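Next, two complexes with chain A in common: one pairs it with chain B, the other with chain C.
Moving on to the complex of A and B:
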């Protein structure tokens, strides 16, 4: 095995939850409303997606078109105070931030950024735009970001929407390699976000 | 077995990348003479002796090529020139010229020197060393590992003893996500650490620094670990060898040894290089601290801010403190944050984000009118802010 592949494999393994041996993918057909992440968040994709059987957290869910390295949508539905955005894998040394009481919409991008910096072990993470939006009828915040994992020359871009109701968080984020892939499938991800309600 | 050796090389290459062509300068020889335990480096360029070592060399050089292309490397010429100047002061211009220096954007305390003369300095180190003498202490320490071929010696030992164990560890899920984690798989021996401490201190003394600063680096780390633990309500990890300090445990023994060596070889009392260090880092500290404050470690972050504030709480330090507390948002944190932003503004701060932070804090403190006034002031001062659309909405809503 080439060193780069080995290191890459280690990186991928480190940044994903420990996957059971029989992790699999299930087709999510287009144009049908579907409830995601074991909560009340519902979306209607305009393309066929694939849902991963492994949940990064109980209230999370991962979709992809053709591999999470190329495009990934992460859903979080109903996160409450004290819970983390990803699995708190190294709680002792590198605890993830938890959702706090009294969070405002402007706190969502900061919570997302801090969670990702720690989970991905990188300082190369920048929020590039924050604007008001709607998730269904509810107030939401839409934000764009870009990041690179340490030691990798690859830059990834992402866009996300988050909403809070009674202190409970609903979030959908899309990320892909910045070159080509991000733009290629952004519209399909945006369609999911535009259809979302809870 | 070839596979084992190869995987071992990979780990070690990532960790240290041992370098051959060390030629001692007069200054370092002087230092070596003072530090009895410091071995004299080979005069001749080191030649890898077998297939495994040749592989290690190749992997090291490939690792450096990848590092060179990494987005993590900070290329600011002024910052690079400053750190290089400190390094050259220590090791002399001749050897300094052959060292490639990479300053990387990573908030951990770390520095390393590879077998091929590539030195890596983490931004988290530059945030933690409080003056030039302290930075010199760490650079001198790493250089001594390099000069003594410690990395190569470790490679040989590990290769004999525990290639299988290394292989298992390496294939374990999540063990190697970065240099710092790779480093936790292996560490220099206690003897090598003692050599590096004494060699580094001798270089410091010869270069005219106050050598008492060397032990302070580790004392500060211990205090920072205590601060982390106090806020998290856990036990301090300062006497544990795990995690990012696996290669360099900041033990009480190390602190005491360095303090004792400083008494024997004081260098130039009072020569800490504080002013030149502050001037060189001034522009970068806010960036490095921003990386730190997003790590969800309020204890350590607050400790580091207080350390930076030894010459007074400047507006950006007060801003940073406000951000720290506003983001944690537990107990009285928001009220404290509001106070820190206000102090920053009163101290003449002009950073637009002072008003952003205070405005957001005041909205949460149920002072909507004051909050909106602040947010509008932020937008006036920073009309192209990335979050202008969101903040404008918050500054205007329920009018």
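Moving on to the complex of A and C:
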């Protein structure tokens, strides 16, 4: 009986949401090159930012100015075939798309969009513009996007730049509420993107 | 983009604090540095309809909205606010529903308030400080001070034009009550391991916005938000907690009769 209870309790425990450790933030000083997301992607911000100790994936990193719901820069450095842009929250029922072999630069916006539709559980995600760009010396693609999440009247906007080298993905995105916050900090985010190289 | 993750972490921070039985650095009610009502002129404070959500919380953490509970809580909280002595004393103007383009604008700012309040909850109330908000000091022994400078943005000036208010009060409450399965899990965890599983979610934010600038001039939350807003008495308790620390406006000057 005791064994059965313990087994039952263990099952309940396993089904409860995990409580991660308290988040923490470190200062990213402006005008100093910094390597991000535990990879080779390097940027030089023109303003001070805050770097989150919580990583959505091992090769990811998050920066913010006022809170991630208000302005967020997400870096991905060195994503390889078979890996996802975010952590799978429900791999069995709603798996995130994985980076596939032979993916071209022009496939990055679609990969980003489909990843976010699942990660944010929203059908309201649209890529609004795609153009060629450079990430340092390498070819890249830059695109804008708009989205909203269920239960919130807030419209959000973003801009991102992605590059592929030997099938390995490097990406920086900036997301913020469309009202006030997006425009307020867009130049700071674009300065990060313009300084990026790997 | 990492909003869902952030929500989970914020919830988890609360859960961790509750599990640990340790009270976190709760700031409760905070005011923007240097805030003071302008003196010698009439001030109009408007109150937008509170954003109220009530649902049930499953064992696995799924938060399921309940339309009947939400409707009851919305009515009860609105009634409690209108009859609150604190609010009557402050001579507040309660706003009704908006229509068309104005409704869209109000909703967008309401959503923005929720996002800003969530950030302030994490980075002010919970003490998860952002280094860029640290106030520089030359005194190495000085206590660290962080700026409270969140803002909804100057587009709130349109709300000022529409409502005639100088300041606006926004309220958000979210309650999620543990369902039967969660209560069983709670008892099991307590009985077998002495561990605490939070029975539900009870979050509430209140803020006053300077409509000329969009600046948050007063913010209040409570980690132990009490009162069940599904009944009238509980709603009164909730409203009283939401208004704790509300900066009382100065006595309005009376018009001089010719």
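Just so we're on the same page, the second predicted complex is superposed on the first by the 179 of 198 C-alpha atoms of A that agree within 3 Å, B and C clash if a C-alpha of one lies under 4 Å from a C-alpha of the other, contacts with A are read in each partner's own complex, and residues count from 1 in each chain.
Assume contacts are C-beta pairs under 8 Å (C-beta built on N, C-alpha and C of every residue); 3 or more make two chains touch, one makes a residue touch a chain.
These numbers were taken from a predicted model, which means no experiment stands behind them.
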Contacts of A:153 with chain B and chain C, given as first, second, both or neither: both
Contacts of A:74 with chain B and chain C, given as first, second, both or neither: second
Partner chain in contact with A:121 - chain B first, chain C second, else both or neither: both
Touched partner set for A:34, first chain B, second chain C, both or neither: neither
Which of chain B and chain C A:177 touches, first, second, both or neither: second
Touched partner set for A:64, first chain B, second chain C, both or neither: second
Contacts of A:191 with chain B and chain C, given as first, second, both or neither: neither
On chain A, positions contacted by chain B and by chain C: 6, 13, 15, 18, 89, 121, 151-153, 155
Residues of chain A touching chain B in the complex: 3-4, 6-7, 10-11, 13-15, 18, 89, 92-97, 100-107, 109-110, 113-114, 117-118, 121, 123-124, 127-132, 141, 148, 150-153, 155
Interfacial residue positions of chain C with respect to chain A in the complex: 1-6, 8-9, 11-13, 15-16, 19, 59-61, 65, 107-112, 114-116, 118-120, 122-123, 128-132, 150-155, 185, 188-189, 192-193, 197, 214
Residues on chain A engaged by chain C in the complex (per definition of touch): 5-6, 8-9, 12-13, 15-27, 48-50, 54, 56, 62, 64-70, 72, 74, 86-87, 89, 116, 119-121, 149, 151-155, 158, 173, 175, 177, 179-181, 184
In the complex with chain A, residue positions of chain B that touch it: 7, 10, 13-14, 59, 62, 66-67, 69-72, 105-107, 123, 170, 173-179, 181, 232, 234, 237, 242-244, 291, 294-296, 327-330, 334, 360, 363-364, 386-387, 389-391, 393-394
